[in-house]
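Shared chain: chain A. Partners: chain B in the first complex, chain C in the second.
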Partner chain A sequence: MAEQFYTVASDSETTGEDKAQTPLPNLAIGIDIGTSKCSVAVWNGTQVELLRNTRNQKLMRSYVMFKDDLPSGGVSEETAHDEKDILSGSAIFNMKRLIGRMDTDQVVHASKTLPFLIQTLDIGVRPFIAALVNNVWRATTPEEVLAIFLLELKGMAEMHLKCPIRNAVLTIPVSFSRFQHTRIERACAMAGLHVLRLMPEPTSVALLYAQQQQQLLHENMGSGCEKVALIFNMGAGYCDVAVTATAGGVSQIKALLGCPVGGEDILQNVLRHLLPNLDSFCADHSIEKIKSMGLLRIATQDAIHKLSRGQNVHINVDLADGTKVSRTLDQPEFEKVNEMVFEQCENLIKQCLLDAKLTAEDINDVILVGGCSNIPRIRSLVLGLCKKEEPYKDIEPLEAAVHGAALEGAIALGISDPSGSLDLLTIQATPLSLGIRADGDTFVPIIHRNTAIPARKEVVFTTSQDNQTEALIAVYEGEGMSVVENHLLGFFKVTGIPPASKGTAEISVCMDIDAANVLRVLAGVLMPGGKRALPPFIEVRMPTLDHGHGWCGQALVKLYGTALDLATIPKKMQR
Partner chain B sequence: MVIPPNHRLQPLQSLPISVFSMVAVASLSLSSPNSLLGLRNPPRPPPLPRRLRLRASAAAAAPSAAAGGTLYDVLGIGAAATGREIKAAYRRLARERHPDVVRGASADEFIRIHAAYATLSDPDQRARYDRSTSLSSAAAAAAAAAAAAAAAAAPPRGDRRPFSSSSSSSYAAPSFARSGRRTWETDQCW
Partner chain C sequence: MLYCSTTSIHPSILKTLTPHHNQLNPSKSKPSKSLRQEITTRIKCFNSRIQKKSEPRDYYEVLGVSTDSTSQQIKEAYRRLQKQHHPDIAGDRGHEYTLLLNEAYSALMREDFRRKYGGGGGGGGGGGKRREGFGSNFSGMGYSSWNGPVRPQALFVDENRCIGCRECAHNASETFMMDEDLGCARVRVQFGDSEKKIEVSVDSCPMNCIHWVESEELPLLEFLIRPQPKEAHGVFGGGWERPADVFAAAKYLQKQLKQQQEQKQSPTGQAHAEVETPAQAEARYQAGLKLQWRQFHEMWGWITGLLGRETS
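And now, the complex of A and B:
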């Protein structure tokens, strides 16, 4: 299996021999895997240090080139692949947008204009992706690509720190489902990394903010009062918003919200604006067209960057089939083309403030991070909604997330710092609601989103049929009212329900999230006053599903939907 | 991350105190006398380095895990506490009891602290809670602390389901016993 190949390679090449001689150091690296760029940082004993590659870069382009026999992420190479190479079809990038997504996902469909091959069959399984190697499309998976890249990052960190590294804290988008978390963990395992924590990106920025506030206090410059910050993070792939309240080194994440919208969507919108038949142009994936699409992509990307500083920009590209794109793009036009994106950002911020039960007046600082935070419209939008003139200044927009991840790594390992700069605690919140299917296809949340972690909640359900002896517990994650809109995490049956008329038996479903964000579902039959021995409860760690969960969900509903359905108990009746 | 599996599935098998707190007390043999005092007015611990604090708080956590009482007791504040005091108490307890700080600790304790904070920091919920505790104290007085009445009058919080009370068995049984005592105190206040 290809997956094993990488684990073995990492063990023998990098850590295998060292492991026998020296014990693993108490060390964890923080990794920010960006859709477009990655970075690695570590707590060096006194402060966080961002590691540089051989080309002296702190931010490295995220891609894996499959052109040669040995796939390469270009982290430690003397000369980097240039963007034209990366867009030649031979490299896979945007892994973070693809990992753990099904072929029915909008984001996967939108990625089909990328130079490498993506095929979808719309049946709820992993999409097929492939890179061009010697004129042949060679299949791979997002996990494998990410693993190869992570292995290079790990190698780079080991070179720097001169010791083997095992532990890592990774930042992830808020909107990632728990299923996507398992895919990231899988990729890390393939690269020989043990995941200490997966941190939603804005919460890692919140940790850095909390540390800075503590430092101000130590220098007698802070007030010691609670400070509330809104963190807006928009990179190439995702947009996240968080509200954090921090005092005395304790940060409470009040609300978290995110969606898969980012610079890539902005780029695609502009591409579509310049070339209305973009989809059909990219459909056949011929080498000439890939090449000219690459040129157009580079030119457009460049234009968008220039629009962050100027009012208009000229784009001039010759495409393969004789089409010529030559025109001027100005700021109002750019904003109109991306109206939907900005609207989504606006809604996220409004909803997040609502969820946090706060208004703009309660916000002390607005923190803008991520590559898209340079876009003038985004800046004015976020600051406007929070009624602020200027964003918070002491945070580097592209390095904040990895900085926080490195801090969390040191904290999670229990490293103490004499100056107290690691004396921090983040009380995390759940970004998505967790619940089960009941009353037909209704999603009944048990742990609502923005619940403080660790959390434990229980809801009692009842049977939907007379003499029903079994019930299906199908666990979903998401905000949709119907289960079909949410992610299926796993399922099992509660059996041995004493036969009775419907609505009599009580089936308890309890969800437990521990401090490390591990979800367990416990379910079983309750029988108030009953003397009959009941079967033991069932405890399941979720998610249990591998790929194809969309398919599974449909099959479950079709086969067992009615017979094993659960019903909710009206609020009044609940004891 | 390995957490101790949850063994407390049967609602009625509630242990007097959680496994964790027993271990903590046993291993540290530190049933400190001021732990009982600590219930209502825990002395503000001086800032300790993280590792030191770990041990100290593990010992301190034991008695209050066994204790139930009102949500005010959980946060170690008086019933007249201001919003700011509630927040400060919550932060202080989070720093001592959060499983990220007390490594390997059960999450029950923090979940209770957070639930108390969530109710008391919301003015509406707090008012409702205060009303229901005063109602329940009347009921308890009437029923002369009969076990049944105590159970009925007990905590108004929605998550008082048989399962969750057992899953946080650390406080199920004792809280009933104590709610009687606390009721008496509340009466005194009034």
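And now, the complex of A and C:
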């Protein structure tokens, strides 16, 4: 890959010699890469400080403009691109919705109405993404776009802090698969950043909440007992829910759940409502169409924002080809159009409470964060489900996640604060179950979701065929009962099983997740009675797969059938 | 997650969410139950497979809580230990121990859940015998009564040293009395006589065993100086005893009582945030040992593999 392109230009410009000699400072920045807006924060020794760009913005629009030879994210430029430029087809945005997704993914398909080019062939590979440069569609990848953007953020932070930066904590949506994690890590590596932690957004908010509770305790205003908070985070791309129990600066994540639904979906729903033939309108990607789509998008976005405060809004856009959108959108209509989105949010919260084994009465605080938390219907829905009158007030909805990420960065680097405001800890939980394929196509979870991290579990399986000497360990992530519903993370073969009738050999599969959320799978044969020495176990860091995972599973089945299958050990045989 | 990025194209992801989760939940408890059993029986990774099954008692030890502790206490202990040993704080070496903590915590909370909702109840609950320390039946009430208002200073006879000369009881008969069974003097009523009389009696004591003490300490001292029945083991032991140095004993007991009170008052248990019980230290040591063992094991596997290849 073209990694050498991504050297930090600012490094050599400003006092480069001094930097080469001084060791890297013990510093980590927190980055919140939002679908629409990004922010960077750092622990400055006494508190978390949000960094501002040259235009004095804390929240920066996330996009990369491919106008000239050098693509730019407009982070540190004097004049920003306005929304019209961004929607001209030359800029790529919504990277977070696209990164690590296959062209069969529903979210990718929904993104096809965006002004830049997204081509899908629906075979389970990376979609083709291109930006318009001098009337030519130039291909790129979400990772590359994200890397360019991160590089600019990094440059901005380095300018502020006047030292090179290596470590970063990034916030990610809960619903990201491990494969998507690797894509984020890849983008960070391209930008010269070392990922210290990938933190699910609501857990980073939970850490901030824990700090605030701890401070209240120091000021003798709070009680020392456990506080339970439900965090609802809905941004432009994703919706996440988490339940955290906080006491003594320790935030224990009880349950977390997320799905890729957000402001973008709401926008698309409204767009479709206004322009029923949206998909065919966007299909040809001619420059005129893109332009008029851009206008409609801006107007609709504006209308949705206005609906957060008012009861109705008028939309008036003249599309180039004679079509004209001119109508009034009122609150009930808006809510009806997005009924599905709200329903989905509701289900997430209900399920999350169920997972945490808590009821609405157990919740002390409801924390609403993210851009969509301003939508009246969402507010009333979340508060209603938690039986609360008011949400928690002391958290800034758009800055909470990055705040928590910066805190986590400082904690993970072992920075201590004499005043005790870093005396914090998040006990993370796994958002998705991890398991292997056994008993045919059944997904057998080994580490269940919402297990505290670090976690390690071992399960013993057996062979499914007589005289089977090899077994395939196919590791999946997800909640589906069958493996085809879940994500294949990787696979490897355990060999040297002593030939015996089926169901006698013991194959141990152990999964280990460390505090940095790295998954290792260890597998090997157990010898009955321990008479003979064990053949070496195999340890694999997951995920090992690149995209196209849908194929691998099918290809394996096609080639080997059931010859390498595993079976679970029946309950009665277990001691 | 199943509804976000499955390979199958599912336009109605919204629809699938509800039925799916409903389906998921009962099923979640079902297969996981068998798995759970498996996990507890074969809980340790292969490197420590030889280790016998983890008893609930071991889990209590890992968290350093007594077997009759409440779920609140378990939670507190868990958080406290996490704060010391979590890899975010202690670095990678905390990994193994945190694993152990997580395992113990989830097992105990499950047990607690069962106990709370009237399931088994036999899982190690209630069996804990709380060690009754010296002075555990201290009521906080003194022996002597007060004549008039309580003053900051009070009289106390160190009965260990009293030789039973009756001088004090003779000089201030309302204040002091003789315990004929034990043959020593004792304060019956504080300031029962005039101050002058009391002064004379204090000075008249040949053993100087009448002390002016803080009124706050008085109940404790008076409690401690009363002989306590000694635990008997057949023909040995039995009888009565009292601390040889009552003042030191009082100081010690005071400290203990204070700690107990602090614990009661501060549910976060911060008073002991830094203390590690021997069981915890042991568990931590074991966890470390396991780690070393694994390396050795891998090495051994590698060597045997190498040898096997050479011979074949």
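To be clear about the criterion, the second predicted complex is superposed on the first by the 553 of 575 C-alpha atoms of A that agree within 3 Å, B and C clash if a C-alpha of one lies under 4 Å from a C-alpha of the other, contacts with A are read in each partner's own complex, and residues count from 1 in each chain.
Here is the rule we go by: contacts are C-beta pairs under 8 Å (C-beta built on N, C-alpha and C of every residue); 3 or more make two chains touch, one makes a residue touch a chain.
Given the structure is predicted, the values throughout are model-derived calculations rather than measurements.
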After aligning the two structures on chain A, examine chain B and chain C and state clash or fit.
-> clash
Tell me which of chain B and chain C touches more residues of chain A.
-> C
So, does A:Glu485 touch the first partner chain B, the second partner chain C, both, or neither?
-> second
Using the touch definition from the top, say if A:Ala139 reaches chain B (first), chain C (second), both or neither.
-> neither
Who does A:Leu121 touch here: chain B (first), chain C (second), both, or neither?
-> neither
Touched partner set for A:Pro535, first chain B, second chain C, both or neither | second
Answer with first, second, both or neither: which of chain B and chain C does A:Val518 touch in the superposed model?
-> first
Looking at the overlay, does A:Ile287 come into contact with chain B only (first), chain C only (second), both, or neither?
-> neither
Scan A:Glu458 for contacts with chain B and chain C and give back first, second, both or neither.
-> both
First (chain B), second (chain C), both or neither: which does A:Gln351 touch?
-> second
Given the options 99-107, 135-143 or 207-215, the segment of chain C that clashes with chain B spans residues 99-107
Of all the chain A residues, which ones make contact with chain B and with chain C?
-> 226, 247-250, 411-412, 414, 423, 425-427, 452, 454-458, 460, 508, 510, 512, 514-516, 522, 524, 526, 536-537, 574-575
So, in the complex, the side of chain A touching chain C is made of residues 101-102, 104-107, 109, 122, 124, 175, 177, 180, 224-226, 247-250, 252, 258-260, 340-341, 343-344, 347, 351, 354, 357, 408, 411-412, 414, 423, 425-427, 431-432, 444-446, 448, 451-460, 478-481, 484-487, 508, 510, 512, 514-516, 522, 524, 526, 530, 533-537, 549-550, 569, 571, 574-575
In the complex, go through chain B and note every residue touching chain A.
-> 1, 3, 5-6, 9, 11, 49-51, 87, 91, 94-95, 98-101, 103, 107-108, 110-111, 114, 118, 158-164, 167-168
Which chain C residues qualify as touching chain A in the complex?
-> 1-11, 13-14, 17-18, 20-21, 23-25, 27-28, 31-32, 34-35, 37-39, 41-46, 49-50, 75-76, 79-80, 82-83, 86-89, 91-92, 94-95, 98-99, 102-103, 105-106, 113, 266-268, 270, 298, 300-302, 304-305
Touch list for chain A against partner chain B, complex | 226, 247-250, 411-412, 414, 416, 418, 422-423, 425-427, 452, 454-458, 460, 508, 510, 512, 514-516, 518, 520, 522, 524, 526, 528, 536-537, 539, 574-575
